[in-house]
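In what comes next, subunit A is part of two complexes: it sits with subunit B in the first one and with subunit C in the second one.
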Partner chain A sequence: MRRNPVLTVLHRLAIGLYIAFALFPLYWLLKVSVTPNDLLYSEGVRMWPSRTSLEHYAFVIANSDFPRFFLNSVIVSGSTAVIVTLVAAIAGYALSRFAFRGKYWITALMLLTQMFPLVMLIAPMFKILSPLGLTNSLTGLIVVYTAFNVPFATFLMQSFFDGIPRDLEEAAMIDGATRFVAFRQIILPLTLPGIAATLGFVFTAAWSELLFALMLISGNAAATFPVGLLTFVSKFSVDFGQMMAAGILALIPAALFFLLIQRYLVQGLTAGAVKG
Partner chain B sequence: MAAIDITAARKSYGSVDVLHGVDLAIGDGEFVVLVGPSGCGKSTLLRMIAGLEEISSGEIAIGGRRVNDLPPKDRDIAMVFQSYALYPHMTVAQNMSYSLKLRRTPKERITAAITAAAGKLGLDELTERRPKALSGGQRQRVAMGRAIVRSPKAFLFDEPLSNLDARLREQMRVEIKRLHKDLGATSIYVTHDQIEAMTLADRIVAMNGGVVQQVGSPLDLYDRPANLFVAGFIGSPAMNMIPAVYRFADGAAVAEVEGGHRLPLAGPFPVPDGTTVVIGVRPEHVTVAAPGAGGRRADVSLVEPTGFGSILHLAPFGPPIKAFTLDRGLGRDGAAVDVTFDPARLHVFAAADGRRMDPAP
Partner chain C sequence: MTAPVAARRRPFLSRLADASEPWLYTAPALILIVAVMLVPLVLGISYAFRDIKLLNPFGGGFVGLRHFEALATDEAFRTALVNTLWWTGASVVFQFVFGLILALLLNQPFRGRAVAQALCFLPWAVPSFLTGLDWAWLFNPVIGPLPHWFVALGLMDTPQSILSDPDLAMWGPIIANVWWGIPFFAITLLAALQAIPKDLYEAAAIDGAGPIERFRSITLPFLAPTIAITILLRTVWISNFADLIVVMTNGGPADRTQIVASYIFTTAFRRLDFGYASAIALVLLVLLLAYSMLIVLLRQSLLKRG
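This part shows the complex of A and B:
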């Protein structure tokens, strides 16, 4: 059946509009980051400055603590993503496959942790971490992020495991595998999309987290990049150009990460939607 | 190859019993079919033999060795699942060799085993394909190949043909039978399809409500069903069941059906006069003939031509019954037929508990 060309045009137009709307802030970020300081306030609102320069990027890389923040963020987000995914995979498998005492309550408890506004937890969290020497440290941030991301990631992984028929691991166990070998050789490879989705989700959550990082970290040495961005805000002025340049740079690892996992991700987010 | 002995095996989930003490001895090389409606416990029993379900009480032994506490991998059995359960990320060859690799079989032996199995199942051309690229019948074959490559002590089949269309099912049925003839392996096959059960089995185990109803050869179950359940379950079209009262007078045993009509029975039964019974008669044992041949005149309310013959729907004395005849001309255009019953072909069941009754010697 041929579609009405008017409908096709409208359809494309709607998609284009949607994408433009979603990406416009990013575009603005890019635009400001390449606008030289002297044009920033003098040209008014323009879609593209009359002259561009990379001076903000050069400054951010050479003269600010940004590379340090950047590295801290990579360490924190990367470790959190890996640890959370590992824990969530094992917990999700258990919730998906085994019947055990207290399963209902564990699930309910995990759900409960998702219901509190984070702001409520900052003070007690600080109180716990401070005597342990975990404030102002990357380890402390990793612990906190892991704790907050595990419940949701577990539900996510559980739903992926639920989508894999039990018959497969039963067949493997009859074929001569232990449950763990069946998990590793049969179930895990089939869950790669789910693992990629979970990794991506947790990585971005940790990458852009500001609240806890701001409260638990005070010096520049252990600051992550969202906290670092605030150093561009001084008492009397905001250095928008450098801030935006730093923002663009911070997008790079996240973008790279998703580029790496997107092959699995598309599969993962739609897995089980249709009989395959 | 090995014998399998099941002694008083029970299965309960909490307070719900799904299997009420099953005793079954399966001989070496025997093909046993567990048959029954859904929820009768047949799959549970199979999974208990496989080690996928725990045995609540009782004992299961494979080759003389108690396996109650052995994990599936140490029982040396192979299983074909209804869903085939092929590993989607492995090729056909990898699927079939997985069990051998886990056992650290030398590479040459693996290759030889796979070539042999693929040849036997007509999969030679497909060994490098993924399951996704196979048809239903081919997937079914791979699942069988995975089972036969390692010559296990026993094969377990869990409704392996249920996902195939009718023609393919018929074809695979024959292949399974031929395979069993070739390999002579002890096999336990679960199905709800009584035709599969009849055609494949050396012995059928008919189950209902977690209880074994009858164990015997297919023809045993067909010709001498032990109770109303087996009588109704085995055979298609199903056996006619006619409520009646047993009468014994003047040395002749009869069944008195609705309206006082009397059907002669083969000999006296060891029950008192006036016992309520159920008379069972298979459609092909209801003799129908053109009017005038003698017997009870009955209108034909419906004709189901099967090509091979016709199924006639009649009501010679109240309750509707079916008759199967090879004479396609009978019952056409609403013509009546004459119905007779051979006393030797009538099954008599006690109405109280559904048990089969045999004439006293």
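This part shows the complex of A and C:
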């Protein structure tokens, strides 16, 4: 098709503007985190400080509880991602391959869990977990996050299985393999991109979760990154450099996972359900 | 060919094994959902009719509709309802409009598209608590550039945070939410755009249809189902999304940014009044169900007419 040069320039300009809008808040976070304290107020609105330093990062890593929050968040998000992906892979496989009575109801139940306000569960969840000793514990958070993420992850895995021809495992089963062996040895390896995408989605979701972590965790020992950061902000609300250095640290794992999975985003979200 | 032989020899056990196989595969997922989501949901509904305060160990008795009577005269709740409409409406409209524009822009082939796409979608990977804090800092007159830019543009007399201005405060979380949510709409719509057969456009171009005509008669009809389902689900999701508000304003100043979801959280988390919080949650649930039913009915009547 012929291209109008004016339209082409406008198109690139619009893309450039949006990229600037998307990146500016993150750029500002980085900028303040490397601005030394004595320049913070005198050069408040400059695009880049005349002198940079990593003192805020050094302080946050050496003298604060953030390394522990970071570790807690890695444990919670990592365990949640692995467990959810395992559970969702076998459930998604069943929804993709079997025609059985009850499939409709399982799908409806999972859709329902995507519709009702999770904030409804905050109070009863606290009441249930408290006598079990699962408040103020990473295990409690992992259980809660796992359940919340299973429905979406199952839909996602189902759509990836739907994209793999049935003939493959049927051939293996005719050769004498049981269905589970065929699933594990033939289908799962083909679904590796789907598994990676699901791991990434769930990890990021668990890494970001705030309200349940605030409700279920008190005190620093089991605090995840969002809880630790918010506590820090309300206690030391003048130390902007340190807060933003901590913010950049919280961004790193999420951004890494995003870069890994963003290739599959368009594919995954079309097929899967719709969730933030 | 062992399976048919086995089926003849032990028909019942074999059939049972076959019938239970899908249930075995889905059991872990179902158990988790029922135990960690459905049971607390039912319990939460029962709390709405009970006196449950965390600091009062002797509470727990049934109080009938007392919470709902209190709700009817609760000024903060009424404000939260109106704010929820504002918050949800403005967020969804802006996210959708900019998301659609971004998807159309990214659907054109150009050099470096993969990188541009990754950068455009990056805000979506930013954790919601960090999005809230980041925008709160950008609006902060001490540390952020936005108030100074507003002054330079003549929108403000002195640099101050819009988050502490009762009339403007709601726009803070809305802007943060739009920034964060545009990629989501863009990703979904881009996927739908890429599923439209290319030859349709070529045929239309040969027939002499201009770009606007092509957009109206090919792109929009193809996108319509995706747009409808995405907006429906996002509306429900955003009306429940309290993170940004809790982080940025905590409902203030003077409840001007309190939405129903953040009001539920505040009532449970700060006042530790689980009974009242559950009553508000039940009202929210009923409203959302009514909204979803309305959309489904509307869709069916439109389909019938079409």
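Descriptive notes on the structure:
Simple rule for what comes next: the second predicted complex is superposed on the first by the 233 of 276 C-alpha atoms of A that agree within 3 Å, B and C clash if a C-alpha of one lies under 4 Å from a C-alpha of the other, contacts with A are read in each partner's own complex, and residues count from 1 in each chain.
Quick note on the criterion: a contact is a pair of C-beta atoms (placed from the backbone, for glycine too) under 8 Å apart; a residue touches a chain by one contact, two chains touch by 3 or more.
Values in this document were obtained by computation on a predicted structure and should not be read as measured data.
By the touch criterion defined above, A:L188 reaches neither subunit B nor subunit C.
In the superposition on chain A, no contact is made by A:I61 with either subunit B or subunit C.
Subunit A has more of its residues touched by C than by the other of subunit B and subunit C. In the superposition on chain A, contact is made by A:A177 with subunit B only, not with subunit C. Once the two complexes are laid over each other on the shared chain, residue contacts for A:L168 go to subunit B alone; subunit C is not touched.
In the superposition on chain A, A:I75 makes contact with neither subunit B nor subunit C. Put simply, subunit A uses residues 176, 276 to touch subunit B in one complex and subunit C in the other.
Of all the residues in subunit B, the ones that touch subunit A in their complex are 50-52, 71-73, 75, 77-79, 81-83, 85, 87-89, 98-99, 102-103, 132, 146. The touching residues of subunit A, counted against subunit B in their complex, run 165, 167-168, 170-178, 181, 186, 189-190, 276. Against subunit A, in their complex, subunit C makes its touches with residues 2, 19, 21-23, 25-26, 28-30, 32-33, 35-37, 39-41, 43-44, 47, 52, 54, 101-102, 105-106, 108, 110, 116-131, 133-135, 137-138, 142-145, 148, 179, 181-184, 187-188, 190-192, 194-195, 205, 229-230, 233-234, 236-237, 240-243, 246-247, 261, 264-265, 268-269, 274, 277-278, 281-282, 284-285, 288, 292. Of all residues in subunit A, only 1, 11-12, 14-15, 18-19, 21-23, 25-26, 28-29, 32, 40-41, 44-45, 87-88, 90-91, 93-95, 98, 100, 102-103, 106, 109-110, 113-128, 143-144, 146-148, 150-151, 154, 176, 179, 204, 207-208, 210-211, 214-215, 225-226, 229-230, 233, 240, 243-244, 247, 250-251, 254-255, 257-259, 262, 265-267, 269-270, 273-276 touch subunit C in the complex they form.
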